[in-house]
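One chain, chain A, links the two complexes that follow: it is found with chain B in the first and with chain C in the second.
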Partner chain A sequence: MIGLVAQVGDWPTPVVDWHALAPELVLIAGINLVLATDLLLEEGRKWATATLTGFVLLGAFVPVVTLAVIGGDVRALFDGRYVIDDFALILKALFLLTGYVVVLMSQTELEEGGYYQGEFYVLLLCSVLGMVMMTSSRDLVSVFIALELLSIPAYMLAAWRKRDRKSNEAGVKFYLLGVFASAVLLYGMSLLYGATGSTRFDEIAASLASGDLIGLQIVGITFVIAGFAFKVSAVPFHTWAPDTYEGAPTPVTAFLSVASKAAGFVALVLVIFTAFPTADGVYGPLVWVLAALTMTVGNVIALRQTNIVRMLAYSSVSQGGFILMPLAFVNSGDAAEPALKAVVVYLLVYGFTNLGAFAVVIAVARKTRSGAITSFGGLISYAPGLTVLMTLFLASLAGIPPLGGWIAKFNAFKAVLDAGSGSGYALAVVGAVNTAIAAAYYLRVMREMWMNDPPDGDRAPIVTPAPVATALGITAAGTVVLGIVPGLVLRFADLQDLTGALGG
Partner chain B sequence: MIAQAAADSINVAQNVGFGIIAAGMIFAALCVVTTSNVVHAALWLVLVLAGVAAQYILAAAEFVAVSQVLVYVGAVMVLFLFGIMLTRAQIGPEKGLNNRGWAAGIPVAVVLLGLLSWAILDAFEDTTLPDRGPTTTSRISDDVLHPYLVPFLAISFILLAAAIGAMVLARKD
Partner chain C sequence: MLAVNFLLLGAVLFCIGVFGVLARRNAVMVLMSVELILNAVNLNLVAFALMHGNVDGQVFALYVIAVAAAEVGVGLAMVLLVYRNRRSIALDELSEMHG
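Moving on to the complex of A and B:
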């Protein structure tokens, strides 16, 4: 008994920096609030949950801004297991903004489709909470739990159109492959913990750097990277993506292809930069092959698609290859700093641009009720605004200056070339070829919109609901502004912060 | 010197125990994949999971062992059997349970087994089990409520999300 009391006395009260945790706490309060409000609302007024969810996401944005304005020291909580630095803040901002835009896009879809609304937004907020936690996690346990928290709601959101077989298929495929990937990831993490004796990224890095890698560590690193490769739908782990993207409700597809994917990349960046930076002999070739395959296979299949959502799905697979590209050269030459900047800028630009493209698809599909690329024929003659915006987003995805996509691609190539090695030049060539291939299918949609006639001759104008119009405005502004002044965000991707905070 | 000898003898006894339980688990695991009756497969799986719990006790991790029994042998398996009973008409042996490409899995499984065995043997070949003292349960609770506080909070929201989503998707409307 005395021994027990003594042990209780040993427990140190955790020191919690409430300001640093404020974005998460606002989201937690918001989840409960939306859940409770949904119970009290009558059936006809469920739309109010969407408004409330929007306010919760914007409310969580406030502490992110105040933290960024105050700046100063990196805030490390729980012995450096949970860290708030510039890298975490800019990505928290991205995830909250993405969540907000997805709420705007979902609102009319859910109301008109007669789907469950309150529950949808609660799950969406839970998923965003997982992503926000992911950006700050510097520990195997935190990363894994954050990954599950962001994935499990997403599995169910993908199957939200319950009466549609395709949506059920989308949910089941995503779920089965997702949990399989989680199992591989968790097994790799347990091997790493066994081989290094710690779950903290900085201690893992120190242990890996202290001598030659042993077999167990190599297998662990490989499994962890393969697990995250599923999440970012890198080839050959991409097979779930097109079916899931096609079957899921379109706002959910936008959410998966941007937020869920970006969260996977955040996790990859964290493990590669902070947990195994010196093990580039293992992850370097692995990421190189993944990047080259992802770009090429995604592009070649995207060329053959006739459904706009499937095309965007494969295009997002191939864009993932460009984001992976700099990660192969984190430890060679001076490539570390440009690599981190390239990934962060690419994630931000890709987020705005892809969300915008999906918002246009939602607006057009409201009238045409079709997912075929040919349904965009003659869009210019009855929806010039949407046509211009879609052209803007596609041009940005293709990497045409001065839009955001150009800056993103430029940084990615610069990071790879900075590595100054033969394999770096080879990957840059693969990337350049793929940029050209990608332009072909983006231009095809543009030609359809500008040159062809409407397939059914119907030129009635499209009425864009106000929330979708707002979403279009936010994403278009982001795409253009990031292209012209990328310096706005570059400041936040400071490598010193990311590894320095951990004593690395 | 005596403590050293005692530690050695404990390791011998543990190694024998480990071997017996492991052999039982491998047999049960093979039965899980070869039996043609889904309910039997679930029951063989109980044996595998109970074996894991026994291994945890041998490794002096009694809290993890109890959790394993409660969560896996108890809750998950009951859920499994309920799932089978609620969704399938036929409870008996049946054909066509195997995927047609099952043979392709064999080389993959063998390669994976070889790779993992090599990696684990290579890392821990001669390591003896450390003497950790009588209990680790209080350390687990300390860890959960201090360094792992944020993931611990996050888990409650995973459960909340899973419950809400399951109700929406399973609900008849």
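Moving on to the complex of A and C:
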């Protein structure tokens, strides 16, 4: 052992590509900056931390854009353990934008509630940093670190309203199930490392492809998938999601249901595409069952919800099923590329749409102070703008053309059908039935808004604060543009790199 | 082989940990059970590192130890929060929300 350490002792200093790491570095500098500013500001000026956080996120966006414009070769750092390619850049952009919209959404609520503003934004930035790192990680260790960096602040954000019992409960449930899932994930990772002798994804893939799978590898893969299935709240690992979403402050719920979930999917995509693409005998059926269960159970329970946030929570569980769907067929036929494309497009569209729906919920709840679906009654008579936007977002979630959600669903189904196998067609049928079921509960909210009368007859107009209005604008534009000009996102999602590396 | 003994010990620790998480209703006991699982992971990683003759596993184990400490810090803070608000840390009493 001492020999080994000595041998490692004279390791060469790795060449660091600072440009490639710039988004992360900006975020790290920004986290410290926001933290220090918060210490220096007096109580009445804490709102400045929100503005600063917004600038940090936009600042981190700049190197992502320059990297994308320069393009060129895939930038691999640290022996290929940290890779910046098109896939990573698109998702980094998504996470930074999501973070920005969440800052806009939380600003007013935090100021009015007198919550710990500076700390909130620091933790939010930490979580975004974890997500940004996740997109580039190509090693078990870095995936694990990124996962924990994004989860641990999220646990605290969920329990943000310290004296509110519901928020406490939300945090504790999220935390306990979260650490349990990451412990199981780690156990799987340790077995994978043992069975393959490396923590690098490409070496794991080579080792798994070189012969028949042994028991240790099968157990390892299963545990890793199960661990990430918790993160994306796939049934049967979804039990935390509705309670956490309902109890947490609504902007945090939006963050968890979009960014944290997308990060889980990024991790799943990375392990399935780069670490064990050839082991589809193990993850194929597993993901198939998870996808079918997630869509169906999420939808059926969403049907009988009376609280809008809970309904959106179950709807986001079932949307997760559609994102999982193509991942079951990564190694069958020529389905790899469409599958990757479908997942990325779905994550982008779902991010815009779901954030938008939560922004409307925040704006309406400022007046009604209620989470009940009936509190949306007669919204058209006093808040026509919000009604139209909510209808737009719900229609997109239901997959009605020409909105973004339609393109996303279309791609997911196409990828599954491209696999050309019986199980693929079966899953597509399950998905189609579920799309129809889902329309029912989205339409119920629309009917409430357009047809019914306000429950208490109060028709005073809603004042939407400027930051929330900006968030609504960004998300609505994203939802509509991605639907009308799908070419835009489809071109961005032409990801040769990740699949090309696998010869797929 | 020596590694097999470590792996068996790891598997036993993992099972005890999972049982603890599922069966215990005291939040602190659940946290301790999670720690058991993480220790099983560390044992596995170190044993495999010895078996493969590379240090990747040991480095991984160091990261796991560090992150586990951070995790437990947050967890205990959260348990304290619940205790202050409800004077109890029994998990089955945490049921404000339904459906």
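We take it that the second predicted complex is superposed on the first by the 485 of 504 C-alpha atoms of A that agree within 3 Å, B and C clash if a C-alpha of one lies under 4 Å from a C-alpha of the other, contacts with A are read in each partner's own complex, and residues count from 1 in each chain.
Definition applied: a contact is a pair of C-beta atoms (placed from the backbone, for glycine too) under 8 Å apart; a residue touches a chain by one contact, two chains touch by 3 or more.
If you're wondering where the values come from, they're calculated on a predicted model, not measured in any experiment.
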Request  = Go through the superposed model and pick first if A:186 touches only chain B, second if only chain C, both, or neither.
outcome  = second
Query = Once the shared chain is lined up, is A:79 touching chain B (first), chain C (second), both, or neither of them?
reply = first
Query = Touching A:128 in the superposition: chain B (first), chain C (second), both, neither?
reply = neither
Ask   = After lining up the shared chain so the two structures overlap, which partner does A:194 touch, if you call chain B first and chain C second: first, second, both or neither?
value = both
Query = Does chain B (first) or chain C (second) touch A:31, or do both, or does neither?
reply = first
Ask   = Touching A:162, do we find chain B (first), chain C (second), both, or neither?
value = both
Task = Determine, under the contact definition given at the top, whether A:247 touches first (chain B), second (chain C), both, or neither.
result = second
Request  = Could you say whether A:57 touches chain B, chain C, both of them, or neither, answering first, second, both or neither?
outcome  = neither
Message = After the superposition on A, what does A:173 contact: first (chain B), second (chain C), both or neither?
response = second
Ask   = Which parts of chain A are in contact with chain B and also with chain C?
value = 4, 8, 141, 144-145, 148, 152, 155-156, 159, 162, 171, 191, 194
Key: chain A residues within the chain C interface of the complex   = 1, 4-5, 8, 140-141, 144-145, 148, 152, 155-156, 159, 162-163, 165-166, 168-169, 171-173, 175-176, 179-180, 182-184, 186-187, 189-191, 193-194, 197-199, 242-243, 246-247, 301, 304-307, 310
Inquiry  = Using the touch definition from the top, list the residues of chain B that touch chain A in their complex.
reply    = 115-116, 118-120, 122-124, 138, 142, 145-151, 153-155, 157-158, 160-162, 164-169, 173
Task = Would you tell me which residues of chain A are touching chain B in their complex?
result = 4, 7-8, 10-12, 14, 16, 21, 24, 28, 31, 35, 77-79, 81-82, 116, 119, 122-123, 126-127, 129-130, 133, 137, 139, 141-142, 144-146, 148-149, 152-153, 155-157, 159-160, 162, 171, 191, 194-195, 214-216, 218-219
Inquiry  = If we count contacts the way the header does, which residues on chain C are in touch with chain A in the complex?
reply    = 7, 10, 14, 17-18, 21, 27, 30-31, 34, 37-38, 40-41, 44-45, 47-48, 50-57, 59-60, 63-64, 67, 70-71, 74-75, 77-79, 81-82, 85-86, 91, 94-97, 99
